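Each of the next two complexes has chain A plus one more chain, namely chain B in the first and chain C in the second.
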Partner chain A sequence: MFKKRCLFVWLTSLLAVLLVLAGCSGSTSKEPNPSKNANPKNQSLAKKEGNSLTIAIKDNLVSMDPQDTNDTLSGSIQSTMLEGLVGFDKDMKMIPVLAESYKASKDAKEITFNLRKGIKFHDGAPFNAKAVKVNIDRVANPDNKLKRYSMFELVEKTEAIDDYTFKVTLKKPFGAMLNNFAHPAARIMSPKAIKKYGKDVATHPVGTGPFKFSEWDQSDHLTVVKNPDYWQAGLPKVDDIKFKPVPENGARVAMLQTGEADFIYPIPTEQAAQINGKNGIVVENKPSIVARYMSMNTTKKPFNDVRVRQAINYAINKEAFLKVVYRGYGSEMDSIIPEGLQFYSKQTPYPYDLEKAKKLLKEAGYENGFETKVWGANNSDAMKAMEFIQQQLSQVGIKVNVVPMESGTLSDKIWSVQNAKDAEVELYYGGWSSSTGDADWGIRPLLAGDSAPPTSYNVSYYENKKVDELIDAGLQTADQEKRKEAYAEMQEIIWKDAPWAYLMVEDTMAGKKNYLEGVYLLPDGALSASEAEIKR
Partner chain B sequence: MFHYTIKRLLGIIPTLFIVSIFIFMFVHMIPGDPARLVAGPDASYKDVELVRQELGLDQPKVKQYFVYLGKILQGDLGTSMKTKRPVFDEIADRFMPTFWLTIWSMVWAIVFGLLIGVISATKRNKWQDYTGMFGAVSGISLPSFWLGLMLIQLFSVKLGWFPTGGIESWKSYILPSVTLGAGVAAVIARFTRSSLMDILREDYIRTGRAKGLKENVVVWNHALKNAMIPVITMTGLQFGFLLGGSIVVETVFSWPGLGRLLIDSVSFRDYPVIQAEMLLFALEFILINLIVDVLYGMMNPQIRYK
Partner chain C sequence: MKNGTVDLHIKDGRQEAEKVRTPFLEFWRKFKKQRIAMIAAFFIGFLFIVALLGPFIAPYSAVEPDYENILSSPSMQHLAGTDAFGRDIFSRIIEGTRISLFVGLSSVFFSAVLGTILGLVSGYYGGWLDNMIMRICDVLFAFPGILLAIGIIAILGPGLGNVVIAVAIFGIPTFARIVRSSTLSIKETLYVESARSVGASAKRIIFKHIFPSTLSSIIVYFTMRIGTAILTAASLSFLGLGAQPPSPEWGAMLSAGRDFLNTAPHVTFFPGLSIFITVLAFNLLGDGLRDALDPKMKD
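The block that comes next holds the complex of A and B.
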């Protein structure tokens, strides 16, 4: 009897101690509201020793060869070392970089670049039209089997007209080609390095950028160091930057708290409000160009009826979706492409209106609703989103079964389907980010009639003759006004046709110490660290 | 004993051959198209097909297997589809971090596991026993990602004693190895306790005590040695598991080891890397089993192999 009591007392006291310990490390979670946060900039500057930066990122880096890279992260790191002829500023507006000026011909078949003079690559090779030609010829040659070949497959001819004039001629008109030149894939590498390293330029990047490649321990970090001969005056302002993959969200946040990292991204939305304004940490959220939507297979019943698709748009409370799934970090979608893309034109949103949704369903003959399934990724955000949609649609009698899948399985079941008739997909929760910043790449791969899988990503199997004509029209000319008209009209048509349930545009989420300036995320989620500066 | 060891070592070759067939089959059975994953989220159909040819995935499966086998026999593990580096380099880079983490974890686990196990067995049903077993049950039940994050919060963020992750100095090893070792220590403690309690009831222990041996000598020299057989078996298995790299702990502590490489390569369907890692794990287990068998003989001379 005594022993039992003894045991009881011991277990209870141990439990009590553990609970107290757990309580210490836990934190109160408040309903975060990004706009109403106390101004984190009022904190005094956190301490920083030295002039070196550490940036913690989520995933491992894949390649430092821009022409063979398709992840935004590797591209971001390359941008500290390599530069393109043109590029994007903070708001994804196109700016000249290594080119002084550029001109596209009216028929959208020729682009001429006038290059900056007196720039040298990190290995001493001069930057000129010949160097550009070597780069573009390399990526446009299918025998090189580079991942970015398709962005330059339209290139027919490249010419170094003189030392500082480079001209490219296309096989057919393509109005968005200039954007492809602003894409990370078109960053210029030293021709000397290409010759010396061959395929191994992927681990020996040599460019013209403000930082030079230092070392890459593939299992741990990549470091770049200051380029003292950089052509832009006043840059770079820090000695070196270390990029370190830290896959665990909590660990990344801890690194920022301890000062082991000066900048981290992404920050999980759940933790953003909690750490903002403490320990000299500032959380920055800005509109991205990542759209989140649920596509509906327009060739399948009942989604072949536009009234059903519109009803679904009316039945989802987008504001609540934003709050529940993304903690308010984002904005409602108000066109088929996010505001950050070129040629975006605002549409009238589908308000949350259950009566209207029910009425439309009744007209379509689905008064009592129907049963369907939604597919999507198996990460917690996607699952939360799908469960939310499930709950919302149940209000109008639509029973949705949530089927989360691992990415490989998804790719088999959706993107590798050879024939539209064999497509099992009904609803698919996904997203898209147009890495060229142009409307074309935000629409054509997803909604053009000939973009159905496996060719591209039109998982709604949406086909509209008028839209296809407009998509072509948008590419036939480099005249910005004409392009604008075409994209405005197609946005309106598709918005009303509702092949998707339009949900939201994500925010980019990053955290930094308040002494750090000049490091920021672009709307496409790419990181810019070239202008990094430590304030004292 | 010598002949036995040689025979077992030679036996590794056919075992690995059979294992390689299974690994190849299973890896290729995972749903998902590596060409598409390698080509990237916004690749066009043409890009994907180019990548497929480049990777040799357009060839028939049987041919792919023999190409793979042929290369292995020449000591070539292939090239990673994701990074295009030799698989051998990828694995070699990651092996030592995982190896040292395993050693550190096992040192904690064995020292604390044995100590707690022995104390619990000798102080049966006293407060030492209850505390020890409470700790052991907690060690088994605490999810390691939770424990890891809590340790980071306490020792890195609040106290600033250790770094949050990565490998910088000896300090970097403390938190991950404690996290990883906690579960193993718990298992060792429980095995030691139950095994030792059985032994302590044996006649020869009573004889030992009767002839006036000190209690410490009875427990540590005579009883513990005989209680070790199940503990060694279990410790060997745990050692094998840890050598494969802990996906969770390596992720939480950004540890550049085999576990993270495995999860990366599986999500990328990086066939050559997955295959090579699996083969390595199989080899590790075979070797550890061999070592365990040899250790049996040293612990208990009645067990001999011919």
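The block that comes next holds the complex of A and C.
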């Protein structure tokens, strides 16, 4: 009995202490607001010893073979070692890299690259047109079964015209081909290494980049070291970089706080405002090209009625969505593609207008609403987003059941459905990032009539003849003005047809120590660390 | 306990006239001396009232969002603060009480009924039937409880109803075992033997003569089990397998708040506290019941 009384006293006091603690910590937590941070730039430089960097990333790395990689993260690490003929700068504008200049023919069927001279691969092999040909032939050969084959399946012929001129001919006109050459998949590997390692180049990447591959412990980290013979003067500026996958958000943030990592990506939006400006930490958020939307199955009742789809767009408060789900880190979607993509043309967003939504639903014969379900991933952001949509649509009488699914189930139930008639999907919350930076890859896979699953990702089963014509028109010419016109018209039509509930464009979120310069995220979420520099 | 014995003397003096003590009175006499168990019992009674009145006493709606007030800290307006959608956490916890108690009670009830029947049958008849039931129970015991529940949910699909089934199934073997062992000893007692000798049917012996004697151990385990069941149901909801949004289930609330552990700890603290206190109360009550019901425990 005495023991029990002791226990009782203990528990009561423990409770009291916990309550007080909760009260204290609660009162210090404030609404984080990205625009109102104390200026993190004013901090003095944090201390850093040595000239090595550690970058903590979210997921495990898959492969170091650019032609057999379809995750952005692996591609990012490759970019420190491998370079392409063309590439993207900070804002995803195309720039020449290993090519000095390039020219596309008027009919969008031929591209000629003039290559830079005097560059050597890390293994000593010379960089020339033959090396480029080996690479492009490898990825364009269906027998090699590489993941990025689809981006180069249009290649008919590659020619090394002389040592430093490379020409590629396509089977049919494709105006966005140059963007595919700027994509990470078109980075050039040493032909000597391809021959030596065969399939194993995936663990032995050899390129022309500012860093050389050092080691890859698949359970822990991948390290790259300085390439002293790099062709661009002044680079690289650090001795080595260690990339360390740390899946747990909290652990990654802790690594940045203790200085174990110099750069972390991504940083969870919930914690961004809290750690920004302390311990020499700077949070960098910039508009990305990751669009967030909810697609509606346009072949199914009631979503086959454009008025219902528009009503749903009117019924969702996008500003509140941004605030609740992404803590304000992002911007409202104002076209079917984000502003960062080529040929983006601004549309008028659907304002938050419940009266109008109700009126449209009434016209469509759904005055009393209806019941439906929304599918989506089971991570906490997606679940929060779906719950938010559920709350918003309940205001106009639409009862939404939230069904989070893990990725295997999603792929079974959505992406592997063979026939549009068998598709059970009604609403789907998802997102898209077009890593070629071109409008075509931001629209065609998602909204072209022949892109329905399992071929591609048109989950709204949207089909509009005029749009399909415009998509073709946009591809059949390399004339930028004509392409621009086609994409502008297409965006306007689709915006009004509303196959999606347009939500928002995410920000890229990264945290770094303030002595670090030259490491940044591209709008597609890829990381660039080639110009990393430690300020003293 | 000194005070206890003094009390007892007085009482005994006053109750001289009383000749027979019913089992219930005997139990009550022992139970009310256990202060902690009494407090736990009162708290659980209070929880039931809260569960019944739920929506009438909650200051706010449990599902109505308020986007102007997201993640605000505890204050006079919102006693336990608000969550990521601006919903009042205090009101959600009140409405969640009903869900947690319902899941806990119903799942344990099912496992108690099924487990008791299996235990009685297996203990009374013995032989191959006993062997078979006990081996099946062993198989179920070999799984860690929560893993078994996850497996069952994987087959049935997520949802609160299926959580009840899952938690019920993995409680069955323990009940079966407890009841079987009491049955084994009780069926050898003289009064069972005499019942058999006057020709009572097996059904009558099992339910009329053996079952009442196993009741005390069932009640004790039943109470303790509710705590575990609530905890397991909350864990399943935490993993996204149980209650679905916008249901204010405590485990689901914990899960939704884990992104804000650093920035807004109150979102996880209060649901966590509710689970903690409720489970603790059931366990303490179970402890007290055991002390009061066990004939071997003398005061």
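Throughout what follows, the second predicted complex is superposed on the first by the 510 of 536 C-alpha atoms of A that agree within 3 Å, B and C clash if a C-alpha of one lies under 4 Å from a C-alpha of the other, contacts with A are read in each partner's own complex, and residues count from 1 in each chain.
We take it that contacts are C-beta pairs under 8 Å (C-beta built on N, C-alpha and C of every residue); 3 or more make two chains touch, one makes a residue touch a chain.
All of these numbers come straight from a predicted model, not from anything done at the bench.
Trainee: Quick one: classify A:380 as touching chain B (first), chain C (second), both or neither.
Mentor: In the superposed model, A:380 contacts chain C only, not chain B.
Trainee: In this superposition, which partner touches a larger number of chain A residues, chain B or chain C?
Mentor: B
Trainee: Regarding the shared-chain residue A:250, is it in contact with chain B (first), chain C (second), both, or neither?
Mentor: In the superposition, A:250 contacts both chain B and chain C.
Trainee: When the two structures are overlaid on chain A, which partner does A:363 contact: first (chain B), second (chain C), both, or neither?
Mentor: neither
Trainee: So, does A:391 touch the first partner chain B, the second partner chain C, both, or neither?
Mentor: second
Trainee: Is A:220 touching the first partner chain B, the second partner chain C, both, or neither of them?
Mentor: Touch status of A:220: first partner only.
Trainee: Considering only the touch criterion stated at the top, classify A:271 as touching first (chain B), second (chain C), both, or neither.
Mentor: Second partner only.
Trainee: Can A:401 be said to touch chain B (first), chain C (second), both, or neither?
Mentor: second
Trainee: Which partner chains sit in contact with A:450 here, chain B, chain C, both or neither? Use first/second/both/neither.
Mentor: Neither partner.
Trainee: Which chain A residues contact chain B in one complex and chain C in the other?
Mentor: 7, 11, 18, 22, 25, 250
Trainee: For chain C, which residues count as touching chain A in their complex?
Mentor: Touching chain A from chain C are residues 1, 34-36, 39, 63, 65, 67, 70-74, 81, 84-86, 240, 244-246, 256, 258-266, 269-270, 273, 277, 280.
Trainee: Could you please specify the touching residues of chain B with respect to chain A in the complex?
Mentor: 30-33, 36-48, 50-51, 53-54, 82-85, 90, 93-94, 97, 125, 127, 130-131, 134, 138, 145, 149-150, 152-154, 156-158, 160, 163-167, 251-254, 256-257, 260-261, 264, 267, 269
Trainee: What does chain A use to touch chain C in their complex?
Mentor: 1, 4-5, 7-8, 11, 15, 18, 22-23, 25-29, 31-32, 249-250, 253, 268, 270-271, 273-274, 317, 320, 323-324, 378, 380, 383-384, 386-388, 390-391, 401-404
Trainee: Quick one: in the complex, what on chain A touches chain B?
Mentor: Contact set of chain A toward chain B: 3, 6-7, 10-11, 14, 18, 22, 25, 60, 62-63, 70-71, 142, 145, 147-150, 153, 199, 202-203, 217-221, 244-248, 250-251, 254-255, 257-258, 260, 406-409, 411-412, 415-416, 432, 435, 441, 445, 454-457.
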